[in-house]
Every structure is written in C-alpha cells, then in structure tokens.
C-alpha cells in the first residue's frame, strides 16, 4: 500500500482515489452530506472565491509554521478533527491516527464515538489531545465517556452542538451502510440503559423524541462545573448564541457546520468566519472546520480569522489508504503546501497570515 | 409497488424516479413547462440562493408544525395544490389523493378539471378542502362546476388567474400527449355548449378568440356576490392588480406562476414572495406555490413570508407511484424534513420561521 | 418537406434541426460567428437576464400587434433582416423569402449581396421593402446596386457600417465554405473593375488595404444627397458616432452587432438597447437586430426600447427547411408567441410593451 | 509539417492541437500550472469579462501597430516571453525562436534557463532582445549567466521574482516529466558548485532551505550597480513592493503571475493591471504577461494599461508544431487579429487603445 503514496501528490488525492481502496458503503458514509449536499459542496467552493496576494521580499531565515493554542505551542496550525468509528476503515482505528499525530507533531480531537478505548488512544500520542463530547440522553450516561476521557488525560473538552439529530446521508442509505460491530463506540455505557421516550399521536418523533436529548446552555454550565478542563464549543454559528457561550466562559470555538453533515443549506463556514472572528475579538481561540482540502485552504482560513484548522474527511481517507503512515503523509502534504503558500505570499510566521494577504476580485478594479 | 418506497428517501425522489413507473406522454404533460422552461427551472433554483442559519439552544418540548389558515387549524403548513385530471396516473384519481390528505391531516385544493365527481372527492377527506375555479366561457357554464363544488361542501374558492391561455408544453407536444377519456373533467357542463367565436382575417385567434374568456375583475366581483365562501386568488403577481383584489375583499392570495406552466420568463415565485408579503401586510393569508421540492423548501418559503405552501407536481408523481399511500408518504417525508429544519434552526413553532432564520451570502462578510 | 413543420413547434426549432436538412458547409457559413463566437452566444443569453411580469386584467377585445414604422403601418413589429446569398439554401432564394414576407404581411430588407435581381425580389412582395447597402470600393461601383434598388422601388436604404472587414468564421473555414456560383451577387458591377490596392512592406493589408473601402461619414452625407429615400443606419453603437449620424439627418437606426459576425467581444445588443433608446429619444425609429430566437425575445426587445426587430439566421434556416412556406411558418410562430406574451403580460397593443412589463431580479427583494 | 498551418486559424489553435504533435510529458510540463490550476484558468477567463466597443468612422490611412518601448520602436506591441529549455520541443530551441522573432520583427526575452548559448541566440535576431535573470544560489553563480548575457548584447535585464520556489505541476509529475539532457541550461556554471544547505529537524526545507536563495531587494540594488542595462521586474504585484522597486529606479515592470505556474490562487493578472497602471503612472513602461491567447486579448491588455504583452505557452506550442516558421506564423496571426480589433474599434494607433474602447456590462443599463 506504501506505493499508493506515489499517486498522492496533494491532500485531496486521498479523496479522489478513495473509491480505489475503500468499501463503497463505508465511503458513502464518510463522504456523504446532509440533504442535497449543497452545504458539503459550498464548503469547498467557498475557498475558490478567495485569492492570494503574492509577495517577494520577506525574510524567511527564521520562518516557521509554529503557533500557540490554548497557551500550548503547536508545530503547525492543523488538528485532526473528531471523527467517529475510525476502525471502520483500519483495524487500528483511532490508535493509528494518534500514532500519526504523534509522529507528525499534530493535535488530535478524539470523538465520543471512538472505536478504541480512550486510554489506548491517548497513550499513543504526546501531542495536544482533546476530547469531543456528544451529550448522551441523561447526565449519568454522559458521564460514562466523559469520566473515561478525563482519566485518559485529554486536555480539553470539545462539545459538538450542531447535530442534536443526525440522519444518515442519502448516499449512506442508498449503500445500506450499517456500522459494523468492530467500529462501535468503545467508551459508552455498556448497553442503551436510558428509558425509551413515548410519543403521543399528536406529538412528533423529532420534536418530543430526539430533540429532548439536545444539549442546552444549562448542560454546558453543568459541564463547566463538572471539570476544570477548558471547554471548546464546536458548531454554534448564531451570533447571539455565541454571546451566551462567551458569557458562560468557554475557552474556544470551532466554526463548523459538521462538514455539511448536519443541516443542509447552512452557509459555507468560510463565509461565516470573518464575522465570527470580529465578534469574539482578536485574542479568542478560534478554530475552523468544514471544507479544508489543501494547504492553500489552511492558509485562507487563517487569513480570514482562524487560529488553526481541523481536518475531517481527508483524515479518514488517508487512514483507509495507508493507516498511520497515510495520515502522517497527509499531514506532511498539508504542511508543505501551507509552507509554500507562506513562502510565496511573504508570511514567515503564522501571525503574518491575515486579511491583507488575501484579495477579493471586487477590490481589484 | 409498496416496495418502491424504499428508494423514496426524499420528496424529490418521486420526481427523479417518475420515468420508471409513468407513461412517457403523461409524464411529459405533468413535468413540462411553458416555452423554454426557464421559469420551471428558476422556480427550483431560487431556493438555492437562500441559506439557513443553524441554532442550538431552543426548547422543543412544546414544538409542533401546527398552524392556522383562514381561521382553521392545520396540522402542518402544506396543502395539496389543485392539479387537473388526476385519473391520468391512478384509476382512483382525486379520490385517492383526498384519502391521503385525510390520512395525513393535510389540506387539499380540488381542480375545476377534476376527473372524479366533486362530491366523491369531498367525501373522502375531513380535512380542509378548497375548490379551484377556472372561469368558463360564459357565467352559465361557470356555474356548473361552481354549484357542484359548493354543494359538495368545499370551504373556499381558489380562482386561478394566470392561465387565460395555456398551451401544451413542448414536451407534451413532442410526446403526442392527449388527455384520455377516463381523465376528462367530470364536473363541467355535459358538452361544449358555448357558441364558437368567429375571428375575422384582421383579428387574432389569441386576442379576439381565447382572451375573450379570460376572467376579469368584474368576474371576481360577481363571484363574491354569488357565494359567501372566502375567495382566494392564485397567480396574480402585479402589485397594482393585487391592490385591486384586496380592495375587492378577497380572503387570501396564492403566490404562483403555475409551476412555470403559464408564462415562461416569469420570475421564480420565491423571489417575488417577500415584496408581496410586504404589500399585503403581516396578517393577510398568503400561500406559496411553484417550486417546492423538499421540506427545506417549505421552510424557506415560510421564512420569506408564506403562511403555507402548495405541492403540485410531486403530488402527481407520488400518486402515480403508489396511489393514496404514495401521496401520504410524500406528505410525511415533507413534514419530517420540515421538522428537521425547524429543529436545527431553533424554530419550535411555525411562527418562529421568519426572515431572521435565513441568510444571504452578501450579508456574511 | 411540409411534414417537417410538425417538429417546428417554436422558431428556434428551425435552428436546432438545421443540420438535418442543410449542407454542413452552408450551415457553418450561416450559423458561425466571428472569433470565439462569444458575442454570438451573448446575443441570445442576454435575453435570459430579463424576466416578464404577468398581468391578469387587461382588456384584449381590441388588441393587435399592429404598429407603424417610418409612418407606414405594419401588421406586426418584425422584419426580415438583410441576409446575403439566399440562393445558397433554396433555388428561389430571396424571391421565396419575399413571397413569404408578402403572404405573412411582413417587412423585408434586401441585401446588397442578393442572389436574385432586385426587381424580381421587389415584385414578389407588396409589403414594406427596404434595400441594405454595402458601400463598394468606389462610388461608381456603389451606384450599380444602389440605382438598381431605387429603380426596383425599395422604400428606404439601410446602410450597414459594422463590417468594413468581415472574415469568414472559423466554422466556415474549417468546413471549406465557398460561395457557389448560383448564389453570387446578382446586382453588382459585372466584374471587379476597381483598381487593386498596392501595399508596401511597412503597411498593413488590413489598415492600408481593406479599411480604405470602409464607408465614412462623408459617404453617408453623399448618399443623403444622392437619394430622397430615408436612410437607416445599421450597426453603429458608439454614442458619439450615433450623435454624428443624427446630426446628418438619418431616418432610423438598427441596433445590431451583425449577429456576432463582425467584431467578437462586442456586448450583446440587448444590453446596449436601453441606453441607445435614451439617447435617440422616444420618437426616433429604432430597430433591434442580433439574437432574436422567439416571440418572447421580440417582446423583450420592444420592452427595452425597440420599435421593431429584425430576424436574420432563423429566416435562412426556415428558407432552407421549406422555402417560402418555411419562412411564412416561422413568421407565424414568432407572432403567435409574441401574442401569447402580450396576452399574459396585459399588453393589448405594441405601445403597451414597455420597460414596466419586464423585471430585473435585483429589484425583487 | 508546413501543412499543419492549415488548421492553425487562430493563435489558440496551436494550444488546442498541441497534443497531436507533442510528447505528452513535455506538453504536461509546458501546459500545466501550479496547484489546482485555478490561476491558470482564471488568467484566460478574465478576458471574457471585458467587452469591446465597435466604432465606424476612424481614418485608417496612416494606421499602424508600431509602438515604442524603453525608447526603442517596435513593429507591434508583442514580445516573446522568457521560456526555459526550448530545445525540449525543437532541436534548434531558442535559436529557432530568435529567427522567428527576427523575421517577424518581434522582441524576445531569453531565459536564464536557455538551452542554447546566449551568443548564438542573440546573433539570430536584430530585434529587441532582453535577458531574463533568475538569481542563483550565490552572487558568483549568478554572474555566470549574467556576464554571458551582457557579453552577448542583450539590451535589458528582466528579473523574475515570483518563483523563488517552483514545484513541477501535478500534470508534469503524473506524466513523470524530467528535463532531457539536450534541453538543460547551456549558460550556467558547469556544475552545481554551491554548498548544500543543512536543515535541522526543527527547520523547514522550504523556509530554511529553498527560500534562502530567494532574491531580495538588496540583490536588485546590487544588480543595478553591476550593470548599466535597464532593469525590468517581472512578477511583483504587491503595491508596496512595487513602490520599493520604483524607488530603486527600475526601468519597467512586467505584470505577471508566471502564467499560473507560481502561486495558485493568485488573481488573474488582467484584473490587477488597471490598478498597477494607476500606481506607476501613465509613462512608466508596463508589460503584461499571463493569459494572452489571441490578438483580441492583446487589445484588451493594452486597453487596460499595458504598453506591450508577452507571449509564453503559445510560443512553445508553435515552436513544437513547426519550428521558426510556426513561431513566425503565430506572431502573424496575433498581429492580424490585433489589427482587425483596431480596425473595428476605431483605433488607428496603439495609443488610441485605451479604457474608453472596452466596456463593462455593468455600465450598459
């Protein structure tokens, strides 16, 4: 499989060639998006609206991609996004991913729906590692993965709020995707012990059923009391709701629409990023997710306000292609492309990457 | 045929797969639009210009899609649009549609060109039922279906004004479509008893012929005197003509371009909706027609000013696919999608769906 | 061939099916445009940017398409554009076209490069007939066709000014198009008697060669003295040059880019029409050419300022398809579509077709 | 091969048909662009946003394409861009190109990576000839080609600054392109005598490796002292960096993004041209590069502010097709098209080609 790297000249090659080495149903599950996949498409197309301004004379003798997040240095401004059930594509699952993160000095966010014990995953990397929390039906059930994650030494809690309901994509349904046993969550309560919800004829399965488990602002407040770990919110985009979260004292935000897997019709996150940066202020930790397919994309997200970016689907394609080596190679391709962009736009440091380095056609003539 | 539901994961699947189970000529007749079908295409494309703003923290414990139209409660803000000659695609025709409307608690508008006796259709549903009137060549001829509809217990009269002339679409002509005997209007005068119009050499078949039967404002006034039922106008878009109708005391408006079957080149109705809502005021009953293909589309039309929407072509595809079960399933898919949109945009009630929940790219950065 | 009319449901069907009955080289010659054919494409695409506003309540009892041009009544606001060498596609050539014009009460503009004697063409129609003049290398050579045209009874002179140089289109070249003997100009001087122009090494064949025959403002002034017939200019678009022509006392303008056959890159004429109407004033005779493919297009050109439109390529496709019957059928299709547009937009007369009947998306919300 | 000219009706035909006569790997190397080739595509698409305004009455008796650059007359405002390794496509390489330049009275810029001795190339043409300089790893290494170029009689130095790092395009990599021995640089130091750079684990091959050879403003100042030849900068687009260069006393600028081969995501150069012309003032020598595929494109670049344009890829396709004859024929096609544009837009001289001759749709109505 090592030889497949030859065709992997850019990060998106892992996506382009995924159907060569992945099970069609697993690929449909990973690649698919909500509804008509308009948000999925818009997330990547948004990057085409931004141009880069070349520069010639910056001094690169001290240049580096190093940056700092939550007070901790990072070798480069890229993290592995929380993706569920990674054993689906590789028997080592999240452990292989963590090995790649460790080898390429990259932060990693581990999903609630991780298919390997948190402790084993955490042990595989000395780099930044955060835990992504999906609130469960009851607080007792929520504490099961949460306590394990805290015990495993994760350094922050990322709470995902954009998918109180997540339907399988149409692609996944048409491919009859079902999660295999070996990729099932390894860190949740042993069996579905929450009481079934009863829905009357005049009620809705969605409203009076599924949405009763949706996390509330109170849940975030509870979590903040429950642990001293910094809390980062992923997937809240409405300005007033962001304000509520800031008031509550969260430590960071991840601008995300769940890679187009949640509400189809949501705008591309790249278009929402500048206003959110404006709202939270220059110093607040802000990550970007949904749509990154190249180092050039990383550069553009940083230029428009992100401190770092998260890599979702590409991570899984690379894991499927070549395990830990695939993921490490993907991360290397991303950093090489980012460095090339920095070199040709005159940005020796991550701090140099700002709005003045990108350009909008409307301002040209 | 029940098994075909498996492929029907979204409402538009009934359209996508229609050629698997429909006679090509009947499909051409139903699917086709006027002229080059630009309006037909624009009607659906217009929805892609509107984005949805996700929200996380609304309380859905009391949520529902219930709403009120002309003072009567509706389980959800969707109605079956008046579509002619439904026996074309199912032997039970409009009776099957009415059964579905009844089963899924949905309002129905029955066409003047209904292929089943009005009384039989009306009897099949306890839900909201309105009668759609095409004015005939003379008032005497118009009274024939009108009196039958009033006797059958329809609760409102919807007058369609956008098609004084309606040519068969090019698709229908190329497929040699002709309405079969069993789908002919069942409620009109027994034979065409109106006198033939004579056209001189210097006159036009269109102007001095067909247009002499076009309904006028006087006809609406006459109708208002003739019946106490509320009168709803479908297909008038010009602001000054809407004003004339409001002055006359109509009870509601349906913003429609006849699904792109009347004047090709008419703008997408979704683009015209906000200004018409502005013109008629917040409380005036306003329905939307032409272009709805998903629950997300329903949400967007409500957000831009509609109180409810009408479903036209999809209704016929579902009726063709699986009779009353098909239509009921279609309505369920539409409501599920609408509920999902409401859940993920933080709208527990129909009243919460307003312009603040949709977003225009231009406002983003 | 009569039966082919069955497939000709809209005017543009004559274009769509042209390759079924036309010689490929002749079709390439007629269909092709200058350069990369961007102007050719833009001419038709421009019509898609204009929408129509439907209306319901106008009175059509006295409606008609009748209008007046240069003081003479016309049955409908459409003229046959001057197209060269019509014997290329039909042995009767321009005589057949004139018969169609006569039968369908349509004005006709006959080209300098007409393949039949002017007298024969003029004799075939009692309708409005104008003569299109290409200035020749010398005034003596120019007088040859001009005198014949005046003698034949043409009622106005249309001077084309946009093609001092006209290269065969790339399509025509790739198809090795050469004008056959029987389609050669029938009304020019018997042999090329003008002296050959000598070009030095430092001069240009285009500048010091071909452009020396380009007509000047002086030539127009000379023509105005030479004949009392009204002079109409075709193909001048620059505002200051239009002003010069107005000062000279021309009788009308045809807004045209030669159907995209002259300078590729010229804007679509439809986009230039409103400003030119503004410049020449409401009463000045203004025709529109380049891009008309339907009665809806005729309506839009009138709404944006034209008094009448010219039909170029479609005329030749219809002539090729079915001779005089084809052209008459084409004209009928165009008028039917125009009447339908008028009926559904509430315009009982040509004078009612103005800018208020078309609509721009930007004004909608 | 002479007969292939028959298919070459426009300059871009040499590009369209290149795969008929070129080695796939060589073609991939020449045709490819950086990254996803967005800039490559945008460079040519930008020309489609500009329209031409036709004019009828200009006097062309004295018309010509003659112009002046750096005080020296040019027969037409087109130069052959510096392209490396031309022996790749023709055994005579840059000598054949120079012969074409001489025959068609065209300026030529010879690349540092020229595959033939500078003296031999310079000897082949009496027309304007400039030398394009890539700074080498050390000044000593830079002097090797520089001294040879000065000795060969080149009249100006063009310093390229947009590609301190240039990766082979993805196309070139996928085609396993490698520069053959016979196309290697013929004028550089005999062997890579610069010391290898050592990179530590925490450093970057790009930043601490490749970028250490990137030319700085000091290098330009050094060059200015080293030679009296005028210095022209190619590929600097940032306004403040242009200001620095103007202060340094450069003699001209070439607006270029290296034909989309350097930083993908850079805006089309045509969109940047007007502002740069505004910045440097009306008299400063300004050339345009990247995207020219026709004489119409030449016209548009001149209208938006360029004094002359450079032809890159087309030059190589024509050289591959037919050696010196191919390049001369290409130049003739370009000038013919430019002359035709000038004739039909009323521009008898290059000085007449200005912003008033092009038109933007937004200004039309």
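For reference, chains read A, B, C and D in written order, and residue numbers begin at 1 within each chain.
One rule holds for everything that comes next: a contact is a pair of C-beta atoms (placed from the backbone, for glycine too) under 8 Å apart; a residue touches a chain by one contact, two chains touch by 3 or more.
On a predicted model such as this, the values are computed, not experimentally measured, just so you know.
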item: Cα superposition angle of chain B on its copy chain C, in degrees to the nearest 5; value: 90
item: Centroid spacing, where centroids are CA-atom means, of chain A and chain B in whole angstrom; value: 43
item: Averaged-CA centre spacing for the pair chain C and chain A, given as whole angstrom; value: 60
item: Overlap residues in chain A, where contacts from two or more other chains coincide; value: none
item: Graph class of chain-chain contacts, one of line, ring, star, complete, other; value: ring
item: Chain D residues touching chain A - in the complex, by the definition given at the top; value: 35-36, 38, 161-162, 164-165, 167, 170, 173-174, 202-204, 206-208, 210-212, 214-217, 235-238, 241, 244, 257, 262-267, 271-275, 304
item: Complex contacts: residues of chain A adjacent to chain D; value: 9-10, 48, 50-57, 59-61, 63-65, 294, 296, 300, 336-337, 339-346, 348, 359, 361, 364-365
